[in-house]
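Here chain A shows up in two complexes: once beside chain B, once beside chain C.
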Partner chain A sequence: MSAPRWRLAPGLIFGRAALAIYLVIMVLWLTFPVVLVLLASFQGTLEVSWPAPVSFDAYKTIPPSYWEAFWFTIRAALLATGIALLVAIPAAWAMVRGRLAGRRVMSNLVLIPDVVPQLILGIALLTVFIPLRLSNSFAGVMLALVALSLSTGLRFTEALLEGLPDEYEQAAQSLGADKLTAFRLVVLPLIAPGVAIAALFIFMQNLITFELLFFISGPSATPIAIRLFSDIIDRGIVPYAVAMAGILVYVAIAFYTLVAVSLGPKYMAGSVMSRKG
Partner chain B sequence: MTDMIDTHSSGRSAPDVQDHGRRVSRRRLRREKLFYRLLTLPALTIVGLVAIVPLLLLLVGSLREQRSGLFTLDNYVNTLSNGFFMRTLATTIVMAGGVTAISILMALPLAYLLARRTLLRNIVMPIITVPRMLPFVVIGYAMILLLAPMTGVANKVLMGLGILQQPAFILFDWPGQAIAFAYNGIVVATAVLTGVLMSVDPQLEDAAVSMGASKVRAFFAVTVPLATPGIIAASALIFTSVVTAYAIPVMLNGRVPYMVSLLISANLLTLQQQNLAYAQAIIVSVLALGVTTIGQVVLSRYGQRGGDK
Partner chain C sequence: MNISNNAAQPVHIDRVRKTFGEFVAVRELSLDIAAGEFVTFLGPSGCGKSTTLKMLSGLLPQDSGEIRFGNKRIDMLPANKRNIGLVFQNYALFPHMSVAENIAFGLRMRGWNRASKEKRVEELLQLVRLEGLGGRKPEQLSGGQQQRVAVARALAFNPDLVLLDEPLSNLDAKLREQVRLDLRDIQRRANQTTIFVTHDQVEALVMSDRIVLMNRGGVEQVGTPYELYATPATEFGARFVGANNLLAGKLDVESGTPQARLGPEMVLPISTHALDVSKSGIDIWYCVRPEHVAVRPGKDGAIFVGRVLDKIYQGTTVLVDLDVQGLGTIRAERPALEVGNVTVGADVGVNIERSHAVARLS
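After this line comes the complex of A and B, so read on.
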C-alpha cells in the first residue's frame, strides 16, 4: 500500500542536506553585521582579521561628542516614551471602554505618525519647526519622538485593554468604585506588565529612529544614529565609530535578553516593532 | 439605556418622576462621554500639532510657487515631467520591488522552519531580533566592513582563495545598496512570517500529506495560501521602507543617485527648492501609502487579519 521507505531515501537525504545548507547560509547571513561590528570594534583598526589581538583602543578613543549624542538619544527616547505612555493609556482606555462615536477615526488619526513614511513626516516637521525655532533642539527631537511613540503606544495599549474583559471593572463599580478608581485599582495593575514591555519596545524604537529625525536634528541636537551617519559621510569609517556601533549592538542584545527573559523567546516572532528604512 | 432607570422608579408611576430619572441619567451619560472625550484630548492634540498640521502644511506648500506664494500645480507638473526624477523614481520602484521579492523568497522557508521547530526558533530568534533593534546605519557600517573594496572581509577572503583576481567594487553602487536593503528585508520578513506561519495549524499540512501530497506540495498548496495575508503585510512593509530609506542610499551612494529620497533631500537642503521638494515628498508618500493601502484592501478581501505589523 505505502511506498517502501528506502526508495525515498536518496531524495530525502538530498532534501535534508539542501535544507541544512540553506539554514547555515541564512544564519551566517543574518549574524554577519553583529559579528563583524563586534570583531572590528575589538581590533582598533578597520581591517577585520582573525585571529587578532584584542584591543580596547577603539572604545577608549570614542570622542566626547559621541557620548553626548548617545546620552542625548537616551534622554530624548526615555522622556518621549514616558510622555507618550502617559497620554496613550488614558486615551486607549477611553477609546476602548467609552464606546465613543468615531472611535475608529480617532485611533486611526493617532496612528498617522506611524503610517506616514518617516522621511516625509520629518520633512513636514522641519517646515513647522524652523519658524518655531524647534529644529536643532532637544525639544524638537523629543516632540517628534513623542508623536511616533504615541502611535505605537496606543496600538499596544488598545490591544492590551481589548484583551481585558469588561467584567473586572464592572465588578469593582458594583462594589462602589467610580470609573476612575476602578481604572486605577483594577485595570492599571492588570495591564502593567504589558505596558512595561510596550515601554521597552517604544524606547528601543526611539533609540534607532533615523529618517524622522534626520532633517530636524542639527549640531546642537544630534541623535547617535545621525552622529554615526554624518561622520561616515564626512570622514569615512573610523575605529571609534565602529566601537560606538558596537555599543549599540550591546544595547540591542541587552534589550533582547530583557524581553526574552520576561516573556519567553516565542513572543518575539512577528512582534509589533520593526525598523522603518 | 433609560429602561434600567425606569425599573428603579417603578414603585411610583408618576410621569414626572420618570422624567426626572431619565433626565438625570441622560446628564450622567453625557458627563461620562465628556469625561472619556477629555481623556483622548491630549493624544489627539499632540498628534494634531506634531503630525497632522505639519503634513497639511507640507501639502499646502507643495501647491505653492516658491517665489510668489501663489497656488499652482507647477511643482507637480515640473516633477512629473522631469525625466531625471521619473527615471530615479522608476529605479527606486524596481529596487524596492526586487528587494521585496527576494526578501520574501529567502525568508519564507526559514520562517516556516522557525514556526515548526521550537528549538531552532529559540536559537535563531535573537539572531533576527538584535539586528532589528539596531539603527540601519550600523547595518551600513557592517556592509562596509564586509564589502569594502580593499579592506572588506569578503573581498579579502575571495582574493585569498584566488577566486577573485582584483577586488570587486560592488559596495558603493546599486548592488551594495540592494544587498543592504535585502538584509533588512530578510530580517523583517522572517520575523513577520514566522509569527504568521505559527498561527497556521500544522494539522492542515498533515492532512494534506496523509492524502498523498508530498511535504513540499503541502507547503505550497496549503501553508503558503494560508500565510498570504502575512506575506502581503510583510511585502508592503519592506517595499515602503526601501522607497523612503535615506541613510543607506547616502552611505553607499555611487556616482548616480539611484534612490528618490536623495533627490528630495538635495532639493530641500542644498538646492533651496523647498516647494519642489514638498511636491516630490507628497508624490513619494502617495506611492508608499498607496502600496500599504492596496495591501490592506487585499487583506480585507481575505476576510482575516493575519500578520501584525
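After this line comes the complex of A and C, so read on.
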C-alpha cells in the first residue's frame, strides 16, 4: 500500500534522507580499506593519487617467495576447512540429536579456541608442537588452523542442526531409513547451504590468521600473512606487498561469489542458514 | 489400478503405558483395531493421544505393554523396521526432493527397482489426485496438495498401519472440510488400517469408523461416532463431544418410568439407555443437546417455561440461551426460521425430546 503523496511530511522525508546518509557512511567505512588496497595495488604505493595511471607493475614484481607463501596458505586453509567440517558435522549431530548428558558444557568448551586470544593459543600449541617436530611445518600450521576452524565449524553446524526440525529425520526413519541413511539423504542435503556458508567463513578466517601462526610458522612454513608482516617491518610498504594484499582481496571476493552463486542470493543475507520446509 | 492394501492386518495394542517422571502420559491403553479400520484418537491436548501415536510409530519407547500387527510383535523394533506410514502435522516433506522422490522414498528404502517405483508413484499421484505434479518441489504446492503428498508418501509402501498426527490443523477451514472427505475416501479405497489423531470432534465424527475418546492418559469411551455423540459414557464425553446441556440431578424411578429429578418442582423424562435404573435417588447428570431442546412462543404443552436471555445468530441455526427457574441456564439450537418471532426477554415454552435426553452417573 502506498501512502498518498501529500501525507509525506517534511519530518518523514528528512528522516529517510538521514537514514540513507547514515547507511552510505557505514558502507563507505566498511569498504574503504578494501578499496584503498585495491587502488594502491595498481599504483604500487599506499599514497594513492587520483587520477593516476593504472599499472600492473606492482603485481609483476611479486617475488617467488610470496607466491610460495600464498599457495602454502591456500593449501593449508582449504585443507583445514575441509577437515574441520568433516569432524564438526558428525560431532554436532551427536551433540544435538544424541541429547548427550553435559552437552551444554561440551558445546561451550569447544568455543574456547574462539575466545582465548590467538597469540596465547599459538604459544600453547608451540609447546606441544616442538617435541612433536610440528612447528615450522605445513602439518603444524594446518593443525593449528584446524583447531580454530573446528570451533567455528561446530558453532555453525550446531546452530544448523538445532534449526532443522526433528520431523525430517523422523519422517525418513518412519519410511524405512536407518539413522545414518536419514542423515545422509535428508539432514545433510538440508544443511548443505549452511555448511557452504560455514566453509566460506572458515576459509576466509584461515586465509588471514596471523597471531595464532606467529610462533608456529618458520622459514620452511610461512603463511602469507606472516610473510607480509615481516617484509613490511623490515622494508616498509613495498609495492609488491600491496599487490599481494590486493590478490588476497580477489581470493576473498572470488570465494564469496562462488558460494553466493551456487546457493542463490537468499542464503547469503543474514541468518538464513538452512532450508525451510 | 490396484491401490488396495491386501496385506492389511489387524492391530493389537495391549496395556501400553508411558510415564514422564511422575506424569502418567498414557495409562494401560488397550485397543484392537480391525484390518482396514479407521480409528480416531480424540481428546484435548495432553490427553496422551500423541504420545500413543509416537509409541506406535517407534519414535518413543513405551514403558510396558505390547503392540502387535496380526501375530507379529513390533514394539521392540526401531521406527524404520515397523512398516508404519506416518503423516506429520506439518507434513515434513523433504524440501530438497521432488514430489515423486518424496513419495518414492519409502520404496527406495525397500530396494524397489526404478520401473516399479515409477509405476507405484504414478498410482499414488492418481489416488491423491495430483497427476502430473510429480516433478514439482513441495514448496511449489498449496497446503492441501502438500498434505496429500504426505499421505501418498505414507501409503506408498503398503504399510501395515498409517498414523496421521493432526494432519488437517494447518489447513484453512474451507479446505479442511474438503480434505477430511478426501482423506476418508483415500483410506477406504486403499483399505488401509489407519489411526488418526485429532482434538477436533467434528473431524473425528465425520471421518472415523470408531472413535477412542481419551482424557488424562486414559480411555473414556470407545465407540462409533453415533455412539459417542448420542450416548456419551461419561461426563467428560458429554462435555467434549458436541455441545451439551449438563444438569445435576437425581434418578427417580418411583412413578414407574425413569425420570431425572432436577429440583423440587422439576422432574424430566429420560431415556434409560446405558443406565442402571434400579438405584433410585443416585446422583446423575442429565444431558440434552441444544438441538433437542425445542422452544415455542406459547406455553401450551411445554414441560417448563424459560426466559430468553440471548439469541446468537449462526446462519442456518440460532442459539437461544434460556433462564429456567430451578435449572439455571440452558441452551437451545433451532433452525433460524423457527425462532424468528422469539424475542430476547420474553417467556417461552420449552420442550425436550425424551429419547435424546441421556442420564449419566456423576
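Rule of thumb we're sticking to: the second predicted complex is superposed on the first by the 218 of 277 C-alpha atoms of A that agree within 3 Å, B and C clash if a C-alpha of one lies under 4 Å from a C-alpha of the other, contacts with A are read in each partner's own complex, and residues count from 1 in each chain.
Note that in this section a residue touches a chain if its C-beta (ideal position, glycine included) is under 8 Å from a C-beta of that chain, and two chains touch if they have at least 3 such contacts.
In this text, all values refer to a predicted model and were calculated from it rather than measured experimentally.
Student: For A:Thr181, using the defined touch cut-off, is the partner it touches chain B, chain C, both, or neither? Pick first, second, both or neither.
Tutor: second
Student: Which holds for A:Pro219: it touches chain B only (first), chain C only (second), both, or neither?
Tutor: neither
Student: Check the residue A:Pro64 against both partner chains and state whether it touches chain B (first), chain C (second), both, or neither.
Tutor: neither
Student: Taking the superposition on A as described, I'd like to know which of chain B and chain C A:Pro53 touches: first, second, both or neither.
Tutor: Neither partner.
Student: Looking at chain A, does chain B or chain C touch a larger number of its residues?
Tutor: More residues of chain A are touched by B.
Student: Could you say whether A:Pro10 touches chain B, chain C, both of them, or neither, answering first, second, both or neither?
Tutor: Touch status of A:Pro10: no partner.
Student: Could you tell me which stretches of chain A are touched by chain B in one complex and by chain C in the other?
Tutor: Touching chain B in the first complex and chain C in the second, residues 275-277 of chain A appear in both lists.
Student: In the complex of these two chains, what residues of chain C are touching chain A?
Tutor: 57-59, 78-86, 88, 90-96, 105-106, 109-110, 138, 153-154, 157
Student: Which residues of chain A touch chain C in their complex?
Tutor: Residue list for chain A touching chain C: 165, 167-168, 170-178, 181, 185-186, 189-190, 275-277.
Student: Under the touch definition given earlier, write down the residues of chain A that touch chain B in their complex.
Tutor: Touch list, chain A to chain B: 19, 22-23, 26-27, 29-34, 36-37, 40, 46-48, 87-88, 90-91, 93-95, 97-98, 100, 106, 109-110, 112-113, 115-121, 123-128, 143-144, 146-147, 150-151, 154, 179, 204, 207-208, 210-211, 214-215, 224-225, 228-229, 232-233, 237, 241-242, 245, 248-249, 251-253, 255-256, 260, 265-266, 268-277.
Student: Sort out for me which residues of chain B touch chain A in the complex.
Tutor: 32-33, 35-37, 39-40, 42-44, 46-48, 50-55, 57-58, 61, 106, 109-110, 113-115, 118, 120-122, 124-146, 148, 151, 153, 156, 183-184, 186-188, 190-196, 198, 230, 237, 240-248, 250-251, 261, 264-265, 268-269, 274, 277-278, 281-282, 284-285, 288-289, 292, 307-309
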